[in-house]
Amino acid sequence: MYFTDNHSLAMEASTATVPDDGAAVMVSEAIAASNDALFTANNVWMMLAIALVFIMHLGFAGVEAGFTQAKNTVNILFKNTLTPVIGLITYFVIGFSLMYPEAEPGFWFAFDGFGVSPRENGNLFDYAGGGYTRWTDFLFQAMFAATAATIVSGAVAERIKISSYLIFTVLFVGLVYPIIGSWKWGLGFLDSLGFVDFAGSTLVHSVGGWGALAGLIIIGPRIGKYVNGKVVDKPGSSVPLATIGVFLLWLGWFGFNGGSVLSGDPVATSFVLVNTTLGACGGAIGGLLMGQAVFRRLDFGMVLNGILAGLVGITAGADVFTPVEAILIGTIAGLLVVLSAITLDKLKLDDVVGAVSVHLTCGIWGTLAVGIFGNAADGSALPFLPQLWGVLICGATAFTAAMLIFYILKVTIGIRVSAKHEEEGLDSHEHGIRGYTIVYDK
Amino acid sequence: MYFTDNHSLAMEASTATVPDDGAAVMVSEAIAASNDALFTANNVWMMLAIALVFIMHLGFAGVEAGFTQAKNTVNILFKNTLTPVIGLITYFVIGFSLMYPEAEPGFWFAFDGFGVSPRENGNLFDYAGGGYTRWTDFLFQAMFAATAATIVSGAVAERIKISSYLIFTVLFVGLVYPIIGSWKWGLGFLDSLGFVDFAGSTLVHSVGGWGALAGLIIIGPRIGKYVNGKVVDKPGSSVPLATIGVFLLWLGWFGFNGGSVLSGDPVATSFVLVNTTLGACGGAIGGLLMGQAVFRRLDFGMVLNGILAGLVGITAGADVFTPVEAILIGTIAGLLVVLSAITLDKLKLDDVVGAVSVHLTCGIWGTLAVGIFGNAADGSALPFLPQLWGVLICGATAFTAAMLIFYILKVTIGIRVSAKHEEEGLDSHEHGIRGYTIVYDK
Amino acid sequence: MYFTDNHSLAMEASTATVPDDGAAVMVSEAIAASNDALFTANNVWMMLAIALVFIMHLGFAGVEAGFTQAKNTVNILFKNTLTPVIGLITYFVIGFSLMYPEAEPGFWFAFDGFGVSPRENGNLFDYAGGGYTRWTDFLFQAMFAATAATIVSGAVAERIKISSYLIFTVLFVGLVYPIIGSWKWGLGFLDSLGFVDFAGSTLVHSVGGWGALAGLIIIGPRIGKYVNGKVVDKPGSSVPLATIGVFLLWLGWFGFNGGSVLSGDPVATSFVLVNTTLGACGGAIGGLLMGQAVFRRLDFGMVLNGILAGLVGITAGADVFTPVEAILIGTIAGLLVVLSAITLDKLKLDDVVGAVSVHLTCGIWGTLAVGIFGNAADGSALPFLPQLWGVLICGATAFTAAMLIFYILKVTIGIRVSAKHEEEGLDSHEHGIRGYTIVYDK
């Protein structure tokens, strides 16, 4: 028997003609027991995916703190720690209901949690199909939501006002992300259009990337970044920290993409893991080659961003590409991330960690690649146009919303710290401590 | 069918009336096969929990090395690396048998492992109920045991003598922790009393916290910490390292609490993960707000300790709170951890990383919160008094035992390094290397 | 029922005499459903193992960057990031087919991936036995392959030319490792000989260790390492980073050894985890004691390398030792790693991170220990001679091949950077950035 569809088991049990004797009763029990076991195994996989996506937040913290200057280390870690906190609570209060209006009717999921018997309130999500619980669903989706905001923090680092960033995060994760997400994953109009986005090259990464781009436009470059037409290098505090971050993001992507199968289906999940890994490898190669071509050195930053680029690129179609295509798509993403970074610098858009190049540029590339390389389950090629529409509609919405929020923040409470604070570092002024205190008394 | 109880399957199979024909034999096989599958899935979840609790030890190492001075970095890492080593071996030799006297009769589990066929010696633990193996049980519990000692190391860091710390750890993990644990988890008198402690707010965290408090009292503050009634700041070596530590502890807590369900039961485990996460989020908010109120800055240390506080607070009742209660309990824990830290400083109890405030104060809070908010499976409110008794009895025992051990160590081999070593740093004197050597030749 | 063999279920289903009625059909369905559930649970465990072995690459990066000088930090991270990338792609293109010639006939696995329906191309591997998918198999084995090359990078760090290292890696992972591996795990002649190597003390660790030793011999020590018969200390950049690395390697070893059961069999996997953990603990104790005896200090580096030594030592027989033996074997490995490091220094073999001592010395020890302590499933002692043969044959092959590759590289493109680059650091010359930039403007 080929394990094609774990949704068929319960149905077989309920529709087969059952001979009327004791054995039949026990057979029903046996099938129910099997379903329990499958349900448990699937849910374990999804909980592992939750843990893996959670650790991506440490990955983002590592990349962003590693690639920003030591005088702002505490500030960026502060933002990267509070972002999942805000993201999770916001998604609990409002985002989950907004994004899945059919599965979660009513506006306030949180209030739904007030029952006397809380466990049962989080009853079963797709139990008949051997799926996972509603609690698992909530937590997996909430971890996703929080990543969309984190993408922004790296781009606008080292000069954004914390209060403005936090307000932006609440609005972006609480409203913008789930509303756009509902158009596809909540079975809205983009889903009807035939738009395909397996694990969120568009819905998560380019939505976050558009938010980052809007931030860059409104806030402007760091002081002294572009001087007399030259790009001034501002070295990050710790390459090891950035490396830890990239490895943890790669690890976390096993849950991000592997969990997006939404069950532990062995073939589907392991296939997605293979593509995800090969996409990352391709991205590293692409970043290495283009970094060498452009900068004439073994540019490690471009290898690291190439890996992330490959991962973002593979995300929209990790289930519909062949492994060889995964390497190709990842490699192209690795080439693109370098070109995109150079282009942004030419436009004086000062993206501190390369977030726009990784998440927006490669998010768009990965989404379109589905319409170029991807095949549906029946072997037919997936159409290109719905992919383009998805990119354009989600992009226009996310960008417009982010521009609006940042603009309103700018003209009200302001979004940029004072020049003095920016030059002396945010850590000593806003947090009263330094990121590193490596001094020996003797 | 609602997946309420994974313990019922095997029983149904054995008690149903079985028609006497070939099909019935096969039905038994089918049910046995289902049980094998469920057993495997449950055991996979528990092994994942083992891995997650293990990584908490790296989390503790990160927090403690990040928050202590650079001159003592190797020393604290040395302690945090040897603590799980000692904890695991001690628990293997004696702790496991002491803590679960009924399941593991005899005093020396280790000797039990000398069989010719070792795998079978570690036979099945609760197989009929779809549970997990005895080896899994041992390793999960051993990982827990080691955390109780680790809590102490951060509090008394930067001045405790290594030999004394190691002896303390052997005695505390080998005897004190498992004996107290046996009163509840080994089905002893606290269990009979109705005391509830799901994953160890009291049995692990406040037991460790009481040990830390005893250590603080006996060893005294670091030289120069309290001068003329002022608290002198001694900045830790690396905020990124502390941040990595907190994220890894949060991650590990998914196994700490999620594994305490002791099966992969989908609803129970995923519900616990949701509460654990929301408790951590609440703690971050609480720490942030109280840090802002008291210190008038965005105190990142209090956000990090707030997260840990929320996690400790939610641990005793992660299975009996509603998610909204989880946020509330976590938030209160986050407020408490700041107040507790200030109070300790007023008492000149120099807790280097805030271990007592996180693990003791919030361990007590979380345990009492079960008696305030928690509901039993039947919907009835859990009583407050057994919680209070549990806190008092475990606290009195752990504190007395720790005081005794530290006092005996003090009057025999001594527990404090020389003032010269303390001021010049423990690394160069005891370990002969430095934690960081970031020097460039040119 | 005792869960001895998860391979028997499907067979029972197909051979039992089936009464000819509707119930029998349903029983078949029930057993198929059970198999689906078991298959899912097993595959989840193997995917968790993949994630854990993947994170070992970050572990290696941490250990190697932590133990090398700050002026070469980016260089070693660059190598450790590209090593898994090259390893994974190479194994995809050629290694997998070479290593498992029967399971994967034909030379180019990659080409096999070009189908129209890619998921099905990665069909089921041992489905009847409740196993895991071919994709899972590939990815697990590929993660293993990449570790063998990583071992070399730490030994020859701080002076090897990157181009030479990368070419070596392609050849070593693409050809040497899978060919040697095929002799045992591909069911070749070493398997027929009765050679036992559960998870690769020889096939992975000592193969990598022999490669490292060959590199040390050909490349020579770093400038200024051995001066007038004295060993000059060259402190690594960050002990915390090395500690993170060791903990992550320990964590990853749960997947390395636990995944080598090749199913989620509860007893077998959990037993292997217990032995793995206790082996690591023994190694820490051994390293601590021998470090104290030889260097007269609490040598933290020897504790860390002791843990890795214990893990390598336990790997060949993690399934056939008793837990007490695991502690003993780990402890001996911990003693050996110190003696080996001293011996290498006496021979002026400059192994920067102790890779040869950890992976080669303890890999040999662990493999031989199987022939000393190990018992087969039937209780009979495992013979010593096949273990010795395995060590000698794999060692001679790996060492000769590595010597040849390194020698050809030396006389063609060269394997060593210029003295100027070595002294000033590889980072500024080859990569244009520094590993750490921890400077405060004020």
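Letters A, B and C name the chains as they come in the text, with residue numbers starting at 1 for each one.
By our rule, a residue touches a chain if its C-beta (ideal position, glycine included) is under 8 Å from a C-beta of that chain, and two chains touch if they have at least 3 such contacts.
As the structure is a computational prediction, the values presented were derived from the model and not from experiment.
Colleague: Same or different for chain A and chain B, where same means more than half of the interface numbers show up on both copies?
Modeller: Counting which numbers both chains contribute, under half are shared, so the two copies meet through different residues.
Colleague: Quick check: superposing chain A onto chain C on C-alpha atoms, how many degrees is the rotation, to the nearest 5?
Modeller: 120
Colleague: Rounded to a whole Å, what is the gap between the Cα centroids of chain A and chain B?
Modeller: Roughly 31 Å, centre to centre.
Colleague: For chain B, write out the residues touching at least two other chains, lowest number first.
Modeller: Each of 21, 23, 27, 30, 33-35, 37-38, 40-41, 44, 48, 237-238, 244, 434-436, 438 in chain B touches at least two other chains.
Colleague: In the complex, go through chain A and note every residue touching chain B.
Modeller: Of all residues in chain A, those touching chain B are 21-23, 25-27, 29-30, 32-41, 43-44, 46-48, 50-51, 54-55, 57-58, 61-62, 65, 73-74, 77-78, 80-82, 84-85, 88-89, 92, 110-111, 113-124, 127, 132-133, 135-136, 138-139, 142, 162, 237-238, 241, 244, 430-442.
Colleague: Which residues of chain B touch chain A in their complex?
Modeller: 1-3, 6, 9, 12-13, 16-19, 21, 23-24, 27, 30-31, 33-35, 37-38, 40-42, 44-45, 48, 52, 69-71, 130, 235-240, 243-244, 246-248, 250-251, 254, 258, 264-271, 273-274, 277-278, 280-281, 284-285, 288, 295, 297-301, 303-304, 307, 319, 321-324, 327, 375, 377, 379, 423-425, 428, 434-436, 438
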